[in-house]
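Take this structure first; my questions come after.
Labels run A, B, C, D and E following the written order; every chain starts at residue 1.
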């Protein structure tokens, strides 16, 4: 679905143009065309390939989707694949943004994303002194928007870890903790697979030999790279803490097992001692003088209770009960 | 066994040619010969070595099989070893594809693979504008086909992990989970050993100094490299989740142990208390007034049941039963 | 909040100058201006941006805070982000120091830090032969001060590990040990995220191509780098020991469980044997000669005690009790 | 002990020569001397140092033994240290092969190895077209022989892992599995320490700047490197599986513990219930009508058996027994 | 404390000289001064700084001590920090050796070390052909001595691991094993922190661009580097085995727990069965024919013993007892 198709010149919007005029505008000097598609049909992509003269392999990738994030050079144009992550009901959903950038055009297609990039276009149009840097600047603006949207997702995961951390030394929370930690791990892996390849790709736009389109924008792409590094470092940190949390959780489970065994042992002793005494006084020897004592029975009961009180106090002291 | 032996010129099939004419066609300008062997006999390889003038060490490798994936340069020709993986009844089987590529010939030999490369040849013949790139393009087409066949294997392993994940927090599934996770690990290692060295090798065809045969094909080999990177990242992700799943499984086993111990303790108490009471009223003291109460026995039974009901409720409350 | 705004020439303080004169002093040859801000308002930063001509992206970063440590070049000026760590009541708090350095100015802003850098300024003013190196030397002096303040934090964490190590083989300390180890891990991660990126950044000031501002100061920045390497190595060492300590702690928990089970088994046997004997002599067979023995009861009690003494000694011998 | 001392020219054996003539033959053009020593005495090495003019540090290393594998350049000569591994009665023994190579000599000394290199010499003499490459080719032939002898060792370790894998999910095999896995780990570490440094060293003979002696042999050394890479990858794979196997084994041990506890609980209940019933009917209340029932005793026994059958079936159903 | 202060020329000792003459001798051509200090006072270092013209930052480091091993260039002089490790009563103690090297002087200061370097000086003076290489050779000789002293420490740790390995599958040794393994880990970390940075530093003296002072000594420093690599590889190997040993130890602890539980279950059954029988024959039913059998009691005892013998044999068979 076509979202926008606009021509710009010297940082200002020229006009909304029909798709069939694209190839014409692209040829004009000092002019660039910015097209946005959403969940494009194959036929739309074919049309764009024709109008912009896109490389077969790049269009193939855009058609299939499910690529890993990357930035590839085809001659003097670039093909960037980015992934978006959106949270909904505690679930992460992956979307994809493919961007074709040439010296005087930019074509972005997004799939399976809720949130579009209208605000990016609006911001760019409000800052003509930056937009006149051309398609390289638009690429930056789109990437910056995609990357900035990762931060709330990361915050969510940090909060999830903190929730586990509050519960980790609490008894009987082991099962829910371990489930939460496994789910956290899955989400971290997802985020990692979105961010790490992109970080690697962006590093090529900010250091060493930079593609023609991005020259003069080096500081801006370095800024995106810097954000990705922060995300990367945070994810690695979360992964590390998550691993430790699983180990700690295992320790708490085993500690709890020991405590249960101690309780079992303590109460077993408290029941077994009077049972033994009762057994003794259930014996049938003829000559058992206690049987004839007038208060034998009561003495016996007292002894049972007495032993148990002592045992109970003892087990309290050694913290088994 | 010889599968095909065809000469091509300018992207079009010239003729099926007999093996003895190979060396002749190879000398013609603008012409290249594409030979496919299946489970070749040593004698066939010797014959090919002679016709194409292949390097001793490369033919040695092809003769022995069981190489690790690699791409080696011998002067202006290349020798590529790829491994195939096929699934059958939940088992992975390794096959091998060796490809000798010279400026005007390509010789592929496959071993222990079910599926051949007839469809690759058919596709190439349908696209003469690409096939006229010569042997470099055929090398790409073969590698692309081999690499594309890894994806369903990976999907299978992802499904296997998901099956475990569904069961991992279910009781009494620990044993089957751990078996499934170990088997998954074995398959992941197999896949990793097939993909990682190939990825390293292909990177040399797409970046930096590229062998003569592959110049002009750089974007195509980068595409293969990109697929291998996706596979690599997915395998690493699976390995990471598998490790976490084993830790979680261990946690669940220990948690289950605790629960069993709690149950044991709870029921032991419920049996031990009336046993103690019965013991007490089995004592033989002369003076035990309860014995003479008309409903002593029934009171006693009621007490037993009463204590047990209380205990049961208590253990339910603290979740031991 | 403005802390200081001073102009220096040839290593000596020229004068405290008002903010509005900064741009003027900056233009004078052989003169540099050193401004220090604390928890600056956005408006203050805007003012500074204007006076010094700072880059938009750098000021943006300083405005937002929460950056990861880094050193970035903008033309012939540098923008450095450092983080401070302060301990208070066993909690670590992060602060941030942003430093803008140009050939003849240095602007430092600190946020959320208790301790300022007045002593750094004082030391610099006492050593004019070093201060005449200009803004590069001031950058070094500030970085050196920030880095030196990490060492007491590290010492604190080393002490925390040592405290755990003293307790790790002590019984019943497992729970507090595991809590201490988890808390240590959190603090180590915090420190690592502060130090590692800074180390990476500083390495660029001491080796290879060095920014213009820092030439001639290479040995000094190498010294800072060396301190950061020591911190890094110590953190890695602590992380490694912490991981081992968690494993050892788990082993101790399980060992303790075994010891509890042994104790339970031992005492259970010591109670069960006389209970069995009592049971036997509670049987109602007509023909049980022991019943008629005059000392049958006492013999029986003696047998019970005798067996238990033997059992007790046996369990002591095999270290179950 | 001197094994061989032979002069070659143009790929053919010239003559067995006495040690004192070595320095003379070494000076002749187109001629090279190949000396093999076994467990050499210090005096023999001194003699060789003199005849060949070997570097002090290299001879020192050969004298002491216990070096790690390496290849060092001394001017235009090379000094290679390789380690051999031989299996005997399931034990691995390390040996050492030191090779001094100059433009026209090769001196190999082996220590603590059962198997010599006579077959290498024989093969070289059978292939004069290769042997005329001189000392570089002999170095390759010796290295190739040493490396090929690692494969059976690796196969042995793979078999050992497979044996464990067959037993790993079998009950009561945990102890022998864990012993086998530890022993496997030790052997893998040994192999790793032999192969990894050698791989690193050989890589310098096959890529980049190659020592004079080895030019023209690059493909051959690449072949050795390739074998070492295969060994390296297999060892890493085995190490990885071994780690997982230890974790799985731990899981099985804990699972088994749970099963034992379940069995204990089940049988305890089956014994405790009739014990309780017997206790009840051992009570001495006057008014217990069951006592007077003619078949009371038999009903009671039937009840005991009945409860136990039900319990047994229940425990079978929940898989505790 | 001044240990030695000697001037050398052309590899021979010229004279012991007083400290105040150092600066004079240093200026003479073909002459170098070698000074050794032990636990120097700040004032002594100040004196040396003056005499040799040492760099402020290097002297600062020497004054403070507790540096990590490093080799730094200051113009055409070098500053090396090495750490020594000495064993005493199973404890490791760290010492420090700081070496200042200029084209014609060498100043070594050692702290907290028992063993000095008199033997190094003696060996150097015995080998004038090497000593005439000047201060570079003395640096090598000192480093070689320090590094050689690490080997016995490593041997000690290897022996410690072997002692644990002998005990690791022995019952009831788990606690002492785990303590020994933790202590081993601590020592390995200490050694690693001494050796790894030094290895990194020495690599710069043996490859690539080498400082002026060390040219011509490359093979010698490579030898030191090689020793450090061996130490490094051994430490990594020990660390790896130590980790596995901790895991195995945990497995043994859990296995032992299972065995204890089995024993508990077995003996519990052996006591519970006769207790049950005794309970049954303690019942008070009127009509219990066994009570009147003349040998009822003896039959009953026989039945008890019989069941227990069978149970015992059964538990032996399934290895629970």
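Assume contacts are C-beta pairs under 8 Å (C-beta built on N, C-alpha and C of every residue); 3 or more make two chains touch, one makes a residue touch a chain.
Treat the numbers as computed from the prediction; the structure is a model and nothing was measured.
**Q** Which neighbours do chain A and chain E have in common?
**A** C
**Q** If you check the contacts of chain A and chain B, which chains show up for both?
**A** Chains that touch both chain A and chain B, as defined above, do not exist here.
**Q** Call it same or different for chain C and chain E: same when shared residue numbers make up over half of all numbers used at their interface.
**A** Mostly different residues form this interface, as fewer than half of the numbers used are common to both chains.
**Q** When the C-alpha atoms of chain C and chain D are each averaged to a single point, how far apart are the two points in Å?
**A** Once rounded, the distance between the two centres reads 40 Å.
**Q** Please tell me the distance, in whole Å, between the geometric centres of chain A and chain C computed from their C-alpha atoms.
**A** 25
**Q** Give me the residues of chain A that touch two or more other chains.
**A** Touching at least two other chains: 247, 250, 254, 257, 261, 264, 268, 272, 275, 279, 282-284, 288.
**Q** Should the pattern of chain-chain touching be classed as line, ring, star, complete or other?
**A** ring
**Q** So if I start at chain A and go to chain C next, what's the full loop of chains?
**A** Here the ring, read from chain A toward chain C, comes out as A, C, E, D, B.
**Q** Would you mind writing out the residues of chain B in touch with chain D in their complex?
**A** The touching residues are 55, 57, 67-68, 70, 72, 74, 172, 174-175, 178-179, 181-182, 185-186, 189, 192-193, 197, 243, 246-247, 249-250, 253-254, 256-257, 260-261, 263-264, 267-268, 271-272, 274-275, 278-279, 281-284, 288, 290-297, 300-301, 304.
**Q** Going by the contact rule at the top, pick out the chain C residues touching chain E in the complex.
**A** It comes out as residues 165, 168-169, 219-220, 222-223, 226, 229-230, 233, 237, 240-241, 244-245, 247-248, 250-252, 254-255, 257-258, 261-262, 264-265, 268-269, 272-273, 275-276, 279-280, 282-288, 319.
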